[in-house]
Structure formats: structure tokens, C-alpha cells
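Next up, some structures in C-alpha cells.
What follows is chain A paired twice: with chain B in the first complex and chain C in the second.
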Partner chain A sequence: MAAQTRTANRHHRIIIWSLLLLVAATLLLPLIPYAMDYVDPSGTVPNPGADLWRDVRNGNIGTSQVLGVDAGVLINDNGERWRHFRMNQLIPVGAMFMGSVLALIVLFYLVRGPLRIQGGATGKMIRRFSVFERTTHWFTVGLFWLLALTGLILLYGRFVLIPVLGPEGFGLTASACKEAHNLFGPMFLVALLMMFFTFVKDNIYARGDMTWLLKGGGMLGGDHVSAGRFNAGEKIWFWIAMIGGAVLIGSGFVLDFAVFGQGREVMAISHVLHGIAALIVITVSFGHIYLGTAGVEGTIGSMVNGEVDEAWAKSHHDRWYAEVKAAEGGGENEESAGGTAATGVASPARDA
Partner chain B sequence: MARMKFLCDAERCIECNACVTACKNENEVPWGVNRRRVVTIHDGSPGERSLSVACMHCSDAPCAAVCPVDCFYTTDDGVVLHDKDICIGCGYCFYACPFGAPQFPVAEAFGQRGKMDKCTFCAGGPLPDNSPEEYSKYGANRLAEGKLPLCAEMCATRALIAGDGDTVSDIFRERVTWRGSSGFAHGWGVAYKNQHRDSKGKAVEGKAAGGD
Partner chain C sequence: MFAQLVDGIFWDIALWVFAIGVVWNILSIFRVGNKPDYSEPRGSAVAGAVATNLRRFMPRSEMVSRTRLQVIAGYLFHLGLFALLFFAAPHVLFIEAQTGLGWTSMPYWAFIIAAQLSFTGLLLLWVHRVMHPVTRLLSDMDDHMASILTFIVMLTGCMALVEAFEGLRVLHRFTVEILMVYFPFSRLMHAFMFIPSRAFTGAWFGRRGVKA
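== the complex of A and B ==
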């Protein structure tokens, strides 16, 4: 009897443990692949769908039966970046930059007034710019402002001119500006090359330029600072215009001739360079225009009939004045001419 | 008022280009212009998928933001259209668009492009509905006739769906639930990221307060 009970109890235990083992196996065995994956994740098969969308977002080029520039790109992320640059940076920062420089110039004029010729005009004129130099200058000026104004209208017209002209009227204006900008733009290369070869000789750094700069060109008070044909400020303007002009022409050609299959990214980068260079050159030109006209008495004549007063030359460009006199071979300035020649700056007036 | 949207289901698109052809035929688009195109990713490899893309009629459309002459406008149906009488063909909308939707009939030296042309959601343009002038400039105005864009109507596999955004997403959600895979609606995150819901839970167009 006792033996029978023991056997029955053993059977019960076996059944219970077997059941528990079955339940445990059912629960745990399916976890083995997960456990293996946890220990060695390299065997994971990625979801092909996830890969696809990641590639789409990264601008992975697909194929399309439709031919066209960038037709295989599903999402152009640079578009949003370019939009942000144009609408939130170039337009507002450019306006503030130009506006504040203009305001500073007006303020300077009101506070200091024009710089008069020291000791008054003598009435004796000397030749500063030849006909060819003046033609080069005014040709560049005309072309530059044609391009600058049409460009500024395309950049700011939406905010400034649509309220005045209405959408249709401004559409017509903007269309004319775009055509003029695109057609006359390439000619600026000619103007820039003429400017460069005409004026580069006198715009190389020379001894005395650093002194001129450190003294602020004498504009901040104090005496006139010694200068050659062009002072350091004029030389800096020359190189800003040349480098800015080269960037404008390079990027302009990319934008104007979209026939070489250049994509949106190249166009957007060119537009960024074009906009920044244009706004810098335009803004710095305000200073150049001020100093050439209202800012310094007697300067405008050098670009109108090519002549300046001797007193003007002596006070603003003393070394150049001495060179001109020396080249004329006049006896009265021999002393100062000799002194200038020793500085090593050789720049005879072109058609003296 | 409906808010019109496109959705292309990559699990269904078979790259047959019927949408492209239907669009060209229905709208008589200029030679060289394709308002819609099919792009295939991983062509010929496992995981190959195709998508039909055109203008997505964005909530805060980048094309409209950068346009120097402000020639874009959004209709009450949420369709982004433009006025070809104002467009100057500068190409800026093409640089800004995430989808490559704006097209130009010519590409010549000195920035000659012609007037921009893009998908109108078969909603014509600013001229009188279904007038010959509207048709020649902008193509068909099926929306004014109570019809949806022909590309989606033509789609044999129903990969391309067009219509009110809520209806379109309901259809797509049901599909995703049934097949249990790939619920990615191409372009929706980019095109409608600025859409938000007001206090009553109604979808509101445009950006949240502030910003560009």
C-alpha cells in the first residue's frame, strides 16, 4: 500500500515538472534568436524600407525616364538652406549694411563737412587722369550701376516696389531688369579687365601706405598724410572692386549660362557668392563716391576733365605731385622731386 | 474647404509612367516640360522602389517665399498656383523647391528660361475657369469641373492618390494597417511640416506664429 502511494506521488511529481518544463520552454525558446541578436548584433537583417527612405532623405540619386537637371533627386535639401540664406540673411543683413554705411556717411558729412583744399585753390591745374583712364572709369561706372540697380530691384523690389507699381507693373519692371542684368552682365568682364590693366600699376602696395592707414588718412584729424598717386584707401577700394568684381563675374557666368548642366546646388552657391560680393562692392562704393564728390573739395574734376588744382595735389598726393613736376622737367621743384625719386616710387603721369 | 494633397504609395508604384503621360496629354504642357516625373531608387536591386513626384502644394511654399515678383498664391483648396503674366523666369523657385517641381520650357544662354510651368493640381490658373486663355497658359482646370487630377485618376495600381488631405491619409492609413508595412508618405514631412492644428483640432494652413 505504502509502495503504491510512493509510486503515485512520483508520477505526479514527474507530470508537474514536465508541464512546468514545457511551459518554460514555450516561453523561453522563442527568445533565443533575440538573445543571440543581443549578444552579436552583426547578424541583423535591416529593414529595406528604412534604408530606402534614408537614401531618399540623403539625396541619393535615383533614375527617372524624365530627362532634366537633377531629375533623379527626390528631395533637394539645399533648397531650404538657400531660401533661409536669401530671405533671412542676405536681404535683411544687406539692407542694414547698406543703410548703416549710408547713414554714417551722411552723419560724417554733417559733422565734419567737406574737406577743403588747404590754403585755397591756386587756379593752376595739373593733369591727373588721361582721356583713356576717364573713359575706362565711366564705362565701368555706367555698367556697374546698371547692374547694381537692376540687381537691387530684383532683390528688394518685392518689398519696396510692388506696393508702388502693383504686381503686374512690377512684373514688367522686374522682367526688364532681369533681361538687362543677364545681357549686360557679361560685359562687366571687359570693364573689369580694362580697369585692372589701366590702374593696377599705381595700386600696388608702396612704402608709406601703412603710415597712411595708421593715421586714418588724415580724416580723423591732424595733418595730411603723405601719399603717392593713389593713397592706401584708394588702393584698398581698387582691390575690393577687383576681387569683388572677379567673384561677381565668375558666379555671374554660372548663373547666366545655365546650359552646361549645372544643378541646383551649384546655382545656389553661385547665388550666395554673387549676392554677398555685390552688396560688399556696392556698399564700399558709397564711400568712394562720397570722397570723390562731396567729401573732398576739388576731387571731382580729376574724373570730369582730368585736371586737379596744384594745391589739391600737393596736400592729398604730395609724392605724386612731386613726380609729375619732376617728369615735366621743371626746375622749380627739383629738390622735392629728388627726394621722391629716392623712395623708389616711379609713376610718371601718363599724358602729362 | 478641402485641403488638396498628393500621396504616392511606394509599395504600389510600378514605374509605368502613365501619370506622366496623362498629365502631359491633359494639360498640353510645353515641349520639354514634365510637370510630373517618376523617380526610381535602387533601380534593379533588391528593395527597388518608385515614386511619382510633382508639386506637393506645400503649406509654407519655398517657391512663393523666394519669388522676386511674388507671383505665387494659394487657393482656398490649398493648391499653390502662380501667375505667368507676372513670372519673369528667374529660376529661383526651382532652386528653392524640395521636389524639383518648377519646370522651364527653354534653357538658353543669358538666363533665358521662359515662364515657369508646374503642376497646378489640375486647377488651372488665375484666369477665368476653363477659358481658352487659361487652358493655353496653365492647362486643364478639372477641379472647377468637380474632378480630381488626371494623373491620380489614371493610376492603375492606385499608388498615386489625390484629394482632400484627410481623406487621402485615411486611405493610406488603412492600407498600412492591412499590409503592416511601410507607412512612409513621401514628401509630407517636407511639404506640410508647418501645418498645425488649432484648439478645435482642425488643420490650419501656414506657419505657427512668428518665423519666416
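== the complex of A and C ==
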């Protein structure tokens, strides 16, 4: 009996010591390479994870059970560069750019004031934009500002809205803005195409545009500068909007529809292009809005009612005014044909 | 608290106002009735009603060039809205939960296309209404309210698409309830009345042998 008890006790001790040995081995064995390295730093004891993390750092593509683009890339090292650019360059420089232009416009208005119609308004109105042209313009404007505001909230909301709404409130707002931005983005393609085909014919470079530019459109010296239906400044804005819009749409499609095999790199580049193009177009649009409203007397009516005062037309677009008058008096054939594309005279058919 | 109201009593009120309002509106129109017509029929009233209903889906040939924008935008908006209303996955699930009736919803990509078409159509129609001197003159507050409310409902719906935030879903449902209360008292009733209205005109003219 006593012998059996001793045997059992010995078995128990063996089991307990074995378990303790296993635990100690598990804890201590991984420390041996470090201990050796401590004792002899010149020894070459490789970190078992070093090769792995070196590969990760170099962007080497591994294998993964997950299917999809970039699934084999554990960490995209370039993502850090993109994040750095977004946080330290795009956001602050963009804010300074927009703020500076806004400040300059306000300063210009305070110093120069609105550009008045030379000799005052006559009360005689002349058709400048057809209903279709105005519909196209305001449709684009509506989409543009919806996209601009939601985009700016996504870019700057973290700094501006979190202090006001709190993290939860901003999260909700950002989610709503992201969905709206993604949804309205593709519609901007329709708007941009409508704008392009409606206005391109009058926005091609013409003789006199360079002179207009050199004289600053008369804003600097105050002298009258001759112009056609659109002056050189308006043409530049048109092409900035078109090219910028094309970049926005192209990069936006890459970001919005991640189903065409584009990886993180392409997405990051698209995001950078999207952000830069958006900030440029938004900032230049400040100038367009200023000149179309407070900056030049009598301009806003052209896009609201489609008409401008004859004195305004003579003052700012004298060549166009002459063409309109020539078309009116030049024969009934042109009028009955529904206006002329060359002069940009609105046609009754398109107005309906 | 607000979410409970929106999902509870507000929804019940909106549903009852909508249902009673629409039925009342339709009945009141039909109760006006017709004067008896003793003239000799020169054509079929029924055929006229059907033909006019179908014919009005296309613009008159003389008006094609003048109304191209409105026709295209009108179709984009109405077809897109119909698809969103009855085939968007959250709507199908909601209808199924409320009525027990369910059907296959459209895939996500189709939802996106339908939403794009619908928004494009609605915005173009509304901007054109404001820009055209005649429609601007003819339009009153009701027309603008209907357009703006519809836009807001669609917008909040799309903002709530990912269903990540309860607040966005509640906001969408609340705007829907406002629209439902407004609906019977506005020209939005054309959703129910366009077929009877066309049929009445078509039958009246059809009986006289005139193509309406």
C-alpha cells in the first residue's frame, strides 16, 4: 500500500515538473537568440520576422487566400506617402489657396467696386442666353456645388465640423456626404457634356482675345476692350472647367467604381488628382461667381432671365452685340431659321 | 425618442393622411360626374380613352423639337423613381415587413443607375421650370414644393444608403412622412390621376370621333 502511494506521488511529481518545464521552455526558448545577441553582439542571430517585414516594407507581393486586387500586399507602404501628402500638403495648401483668392476678390471689390455699365442702363434688353443654355448652366451649377460642398466636408470636415458636431455628428455627416458625393458624381458627366456641346462653339480662341487678356479685360485700366460673345477670361474659365471637370470625372469614376481592377496605388493617385483638380476649379469658380454677380453690373440677369441691357452688351461684348444687331436687321431668313449659332443668338425654337 | 416617433405615431399619421387623402381626392373627382350626352356617337369612347392614354406617352410631332428636354428628363425621372420606389432593396424589405408582400429587389448597380437617372431628370425638369418664362409664370408654390420635397426625400434616401447610421435612416423616413402628408393636397396626385384624366379626355373626344 505504502509502495503504491509512493509510486503515485512520484508520477504526480513527474507530471507537474514536466508541465513546469514545458511552460518554462515556451517562455525562455525564444529569448535565447536575444540573450546570445546580448552576450555576443557581433554574432549573426537573425530575427525570424526580419525577412518577412523587410518584404512587407519593400512592397513585395505575397500570397493570400483572399481574392482581389492587392490582396497579396500586406501593407502598402506608399499609402503613408499619400496620407502624408493629403494631411500636410493638399489640405493646408488648398485651404490657403482658396482663402487667398477669396480675400483677393473681397479686397478687389472694396478697392475697385463693381464695374458699372458705361453710360448707364438703357432699359432696352437683348437676348443673351436661351432657356436651354440657362437650364444647362444651372443644372451644372447645382451639381457642381453639391459635389463641391460634400467634397469639402469630406476634406476639411474633420477640422471644421468635429469641434461643432462632435465625432459622432461628424461621422454621420461625413457618411451622408460621401454617399451623396458618390451618387451625384457620375451625373456631373452628363452636365459637363451638356455644357461642352452647348457652349464650345463660342469658346474657341478668336482674334482679339490676346488683346483682351493683355489689357486685363479693362478691369485694370478701365478702358473698354473689344470682345465677342465670350471674352478671353470667360473662355479661359470655360476650358479650366472643362479640363478640370474631365479630370474630376475620370478620377472620380476610378474612386467611385472600384470594380475595374484598380489597386490602391491607382486609387491614391486618382485621389490626389481629384483633390487638386477640385480645389483649382472651386477656387477659379469664385472669380466666375464674383464677375457674374457683384463684380459686373447687369451680368446676373443674363443667366436668370436670359437678357442683358443693350448698353451692357455694347460695353462688354461689342462684337457680339454688333453680330446680334446685324442678324436682327440682316434678314428675316436667319430669324425664321431659329437664330444663328455663329452669333449665339438664342433661337425661338430652343427657347420653347 | 425622435426615432420612436418617426417609426411609430408619425408614420401612422402620415399613412392615414395619405390613404384617406388620396381616396377622398379620387372619389371627389369621380363624384362630379358627367352631363348626359344625347348626341349620336361618332366613335368609340372606350377606344378613345385607351388611345389617348397611350398616345400621351409620346409628344405630338409638332412639339418634339420644343419639348425634347422635358420629355427625356420626364422619362428619366419617372422611370428612375418608379424603380427606386418599388425595387430598391431597403424598400422591398420595408414593404414586405409592412404588408407581407415581397418581390425580388434590383441589384446595387441597378439602384445606382436608377438613382442617377432619376436625379438627373428631376433636376433638369425643375431648373427648366424655373428658367422657361412660360412655365415659370404658370408654376406656383405647389409645383416648387413638390419638386423640392421629392428631391429631399430622394437625397436623404441616398445618404442613408449604407445604413451605417440610424439617424440617416430616421431622417429619410421623416422626410417621406412629410411628403406623404403633403401628397394628397398637391399636384403630386397626378401619380394616381394621370390615367383617369387622359381617359376622360380621350373618351369625350373619342365619342365625337375626334383624335385627342
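We take it that the second predicted complex is superposed on the first by the 268 of 352 C-alpha atoms of A that agree within 3 Å, B and C clash if a C-alpha of one lies under 4 Å from a C-alpha of the other, contacts with A are read in each partner's own complex, and residues count from 1 in each chain.
Just so it is clear, a contact is a pair of C-beta atoms (placed from the backbone, for glycine too) under 8 Å apart; a residue touches a chain by one contact, two chains touch by 3 or more.
Just so you know, these numbers come straight off a predicted model, no measurement behind them.
Enquirer: Using the superposition on chain A, decide if chain B and chain C clash or fit.
Expert: On the shared chain A, the partners fit.
Enquirer: Would you check which partner chain A:Met187 touches, where first means chain B only, second means chain C only, and both and neither mean what they say?
Expert: second
Enquirer: Scan A:Val131 for contacts with chain B and chain C and give back first, second, both or neither.
Expert: second
Enquirer: After lining up the shared chain so the two structures overlap, which partner does A:Ile289 touch, if you call chain B first and chain C second: first, second, both or neither?
Expert: So A:Ile289 meets neither chain B nor chain C here.
Enquirer: Going by the contact rule set out at the top, does A:Ala258 touch chain B (first), chain C (second), both, or neither?
Expert: In the superposed model, A:Ala258 contacts chain B only, not chain C.
Enquirer: For A:Asp77, decide between first (touching chain B), second (touching chain C), both and neither.
Expert: A:Asp77 contacts chain B only, not chain C.
Enquirer: Regarding the shared-chain residue A:Phe139, is it in contact with chain B (first), chain C (second), both, or neither?
Expert: second
Enquirer: Which partner, chain B or chain C, touches the larger number of chain A residues?
Expert: Larger number of chain A residues touched: B.
Enquirer: Figure out whether A:Leu21 sits in contact with chain B (first) or chain C (second), or with both, or with neither.
Expert: It touches nothing on chain B or chain C.
Enquirer: State whether A:Ser175 touches chain B only (first), chain C only (second), both chains, or neither.
Expert: In the superposition, A:Ser175 contacts both chain B and chain C.
Enquirer: Look across chain B and chain C in the superposition and give the shortest C-alpha distance you find, in Å.
Expert: So the smallest C-alpha gap separating chain B from chain C comes to 6 Å.
Enquirer: Just to be sure I follow: which residues of chain A are touched by chain B in one complex and then by chain C in the other one?
Expert: 171, 175, 183, 186
Enquirer: With touch defined as at the start, can you tell me which chain C residues reach chain A in the complex?
Expert: Listed in rising order, the residues are 65-67, 69, 112, 115-116, 119-120, 123-124, 127-128, 130-133, 155, 158-162, 164-165, 167-168.
Enquirer: Looking at the complex, which residues from chain A come into contact with chain C?
Expert: Listed in rising order, the residues of chain A that touch chain C are 131-132, 134-135, 138-139, 142-143, 171-172, 175-177, 179-180, 183-184, 186-187, 190, 305-306, 349, 351-352.
Enquirer: Please give the residue numbers of chain A that touch chain B in the complex, ascending.
Expert: Those in contact with chain B are residues 48-49, 51-53, 55-56, 60, 62-66, 68, 70-80, 82-84, 86-88, 154-155, 157-158, 162, 167-168, 170-171, 174-175, 178, 182-183, 186, 255-259, 264, 267-268, 271.
Enquirer: Can you list the chain B residues touching chain A in their complex?
Expert: Result: residues 10, 17, 20, 34, 37-43, 46-47, 49, 51, 53, 62, 65-71, 83, 85-92, 94-100, 103, 107-113, 181-182, 184, 186-187, 190, 212 of chain B touch chain A.
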